[in-house]
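Notes follow the structure.
Order of writing sets the labels: A, B and C. Residues in every chain begin at 1.
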Amino acid sequence: MALRVVSVLKRRLGGPGQKLLRSGNLLSATQHRWEKMPSSVGFPVTSRRSFSKTALIVDVDHNLGIATMKMNNPPVNSLSLELLTNFVIDLEKLENEKRCRGLIITSASPKIFSAGLDITEMYGKSSAHYAEFWKAVQELWLKLYMSNMVVIAAINGSSPAGGCLISLAGDYRIMADNPKYTIGLNETLLGIVAPFWFKDTLVNTIGNRASEHALQLGLLFSPTDALRVGIVDQVVPEDKVQDTALNVMSRWLSIPDHARQLTKTMMRKPTVDRLLKQREADIKNFVSFISRDSIQKSLHMYMKHLKERKE
Amino acid sequence: MALRVVSVLKRRLGGPGQKLLRSGNLLSATQHRWEKMPSSVGFPVTSRRSFSKTALIVDVDHNLGIATMKMNNPPVNSLSLELLTNFVIDLEKLENEKRCRGLIITSASPKIFSAGLDITEMYGKSSAHYAEFWKAVQELWLKLYMSNMVVIAAINGSSPAGGCLISLAGDYRIMADNPKYTIGLNETLLGIVAPFWFKDTLVNTIGNRASEHALQLGLLFSPTDALRVGIVDQVVPEDKVQDTALNVMSRWLSIPDHARQLTKTMMRKPTVDRLLKQREADIKNFVSFISRDSIQKSLHMYMKHLKERKE
Amino acid sequence: MALRVVSVLKRRLGGPGQKLLRSGNLLSATQHRWEKMPSSVGFPVTSRRSFSKTALIVDVDHNLGIATMKMNNPPVNSLSLELLTNFVIDLEKLENEKRCRGLIITSASPKIFSAGLDITEMYGKSSAHYAEFWKAVQELWLKLYMSNMVVIAAINGSSPAGGCLISLAGDYRIMADNPKYTIGLNETLLGIVAPFWFKDTLVNTIGNRASEHALQLGLLFSPTDALRVGIVDQVVPEDKVQDTALNVMSRWLSIPDHARQLTKTMMRKPTVDRLLKQREADIKNFVSFISRDSIQKSLHMYMKHLKERKE
């Protein structure tokens, strides 16, 4: 059992964290922040410690060198601006802990890994808000896809759109063998388009043709189909997902870190560079696209549909 | 049953259509042409209408929003300059009909989808003719590969070389389960080389290694093997090909057009741009290659072989 | 049975061959050398002849137009600088023999195809030596990957790292169905990183995701797994490897050479150009990487481990 030390600091970051995104350089800003925070340095040397905040529960097992991050934003782990911001901050923090070599990402909610980007962040807000939100989405992907840690997605529930992106950004994907769960980039179903770097990440994983097919139709795959097409690497019984993740992780951690990290960088850097070269243009594209009347109308209809279904 | 309104206009285009290809810009030229033709606007508002001409039979079902184009150039649906020209004109016309959202391409001849490029257009003609022919081949691929419509190939017969290219340029491929039928880019068997954009289209569909293997050996795949390697998406009994195409089409048409089209463009534009950047050079390459004595001799032998087999 | 004419000349090349690599242009230098050697022109017109030297046994069957090259550098066919140099020279020689259209690469040692690059060439030597060695590795890959001959790897034993690279550089791979044999780019297990062109060759063969997975973990595949992932094309009983190679070769040789060669070039040139554009930088990278204390220590440990296992 993990000992959970609730970090009050992290909770307080909800507000300021958002502001950090507005500054030119998220990375240096947040890093600076953490450096000044006394509690972020020198964790009590217990064999295991953890911190939690509103929406993310992070446990670090220092003996194993493995962190587990549970998304805990009920009911569906929507990726709100606040969650994204904290996700990035936690990643940076773990990245800087030398003893932490692997990260398992999973969900604290039964049945749902993550429903993806929070639609309320994309509806009826200002252009500045859309830009801030999009920058945070980019940042999370950049951090996850190039993490020096071994990142394993323990997909214990449905994982559409942004949830799928988080899974794809890892090094290995294990999904619960429950035919009710699905995974995929289903953006076209909502009348929107997956950005090019979502597409690149999918193509890198399942190849060009399968991606074209899946993206055009907004396919959501059952675990069996996801395994067949290569969106996930392994499908196991629901109660074995976490154990399997730990077993797979120990295999990956048996490889010398430095050689593995250089290899990962060699494979992924060209894809990441494509976004970095046009990051501002990508934000502008998103803001302009999402602000269209037709898209706002689509999102409104979709939210109404979701609400009605709930009632 | 479709009501077929024979379009006399289209038939008359055989000659002028070829000339259009000589002008600098085929696209704007033919578009202009159609805009001025009264019959191309305001079709009688029947639930279904069709037009045919020498070698292409086009039916449009306005209720479903689906056009069916049957290649009808016996005995083997060779892609002559005239057929290519009319194919492009028909595509543009359908592309401009807002109610037409999907296109099924199939063959009116039993046993053969299309035998590919018409060899007589590549043998014993002038350089100008070769250039005109090649430009038309490029044009057809550019139009098909980037069509805003959902394009499904209902492959009801053999589909080598150029026939395979037409299939690959669509969004989905359904092939008749007849082991006598084959599909593939078999250019090397004739001593010639598939151009780089044929290769790119194949690589985008079945990946690099399978393409290298198939292209070097000029492999013609049985339906079962084509499905296994990914050249086609589905193999069904011969009498189910058209029905399956309609069923699959209705699935694709359930996706919002705009999001689907943007996604398709995102996937395919880089490949198309590669040809657009060096289109003239590609034509020159083709003309110079096909004019070689050795290649002309190869083609002569092949035509003689075909003729003898027929007798 | 092949008649083996031992070429004394080749044996004598051991020393000078190494020096040739130091000259600016290996290709023109060695070509020049061979042109001046009388015995390299006008082989006795027997139906079959062969030559051997310390580490490579080459048989040419002029009737079939097929050369067989057996690596014969016991105990594990390590790719020493001398072997690499002679390998390149033999390849050039065969490339220039018009009647030789196909090459089968295999091992004269039971159980091992090749253990890969000779670690003793990378440990405790001068920077100049490392640079010379790396240039020879590049040269072999460049020659093999772009060979005008059909190159088939008859993998009759384990084939890690550089051995795997040689296999991947061919056109077709047949592996003996012995579960004790493995194949793969396992560099990370030694704490080193496969260079980008090793990676490119693997990605071209098995795709991006499988490569990322295999390279990060340094996976060594059993024949069955290698077939499943696509590292090899065929797995056959151990005593059928050579016969299968000959059968497959006759299929490939039925394709007109010129068309096949142009197709191969079209597929592979972009990958080769990537190395050619930064060949010197790649050598510098290697020298700087391999000279690091940490890497030298890793290699020392590994060599010690190998030695202890032997004793």
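Convention: contacts are C-beta pairs under 8 Å (C-beta built on N, C-alpha and C of every residue); 3 or more make two chains touch, one makes a residue touch a chain.
Computed from a predicted model, the values in this text were never measured in an experiment.
Asker: Touching both chain A and chain B, which chains are there?
Answerer: C
Asker: How big is the rotation, 0 to 180°, that puts the C-alpha atoms of chain A on those of chain C, in steps of 5?
Answerer: 120
Asker: Measuring from the mean C-alpha position of chain B to the mean C-alpha position of chain C, what distance in angstrom results?
Answerer: A distance of 42 Å separates the two centres.
Asker: Can you list the chain C residues in contact with two or more other chains?
Answerer: Residue numbers touching two or more other chains: 207.
Asker: Could you list, by residue number, the parts of chain B that touch chain C in their complex?
Answerer: Contacts found on chain B: 187-194, 196, 199, 207-209, 211-213, 215-218, 294, 298.
Asker: Over in the complex, which chain C residues touch chain B? Could you list them?
Answerer: Interface residues on the chain C side: 171-172, 203-207, 230, 233, 251-252, 255-256, 258-260, 262-264, 266-268.
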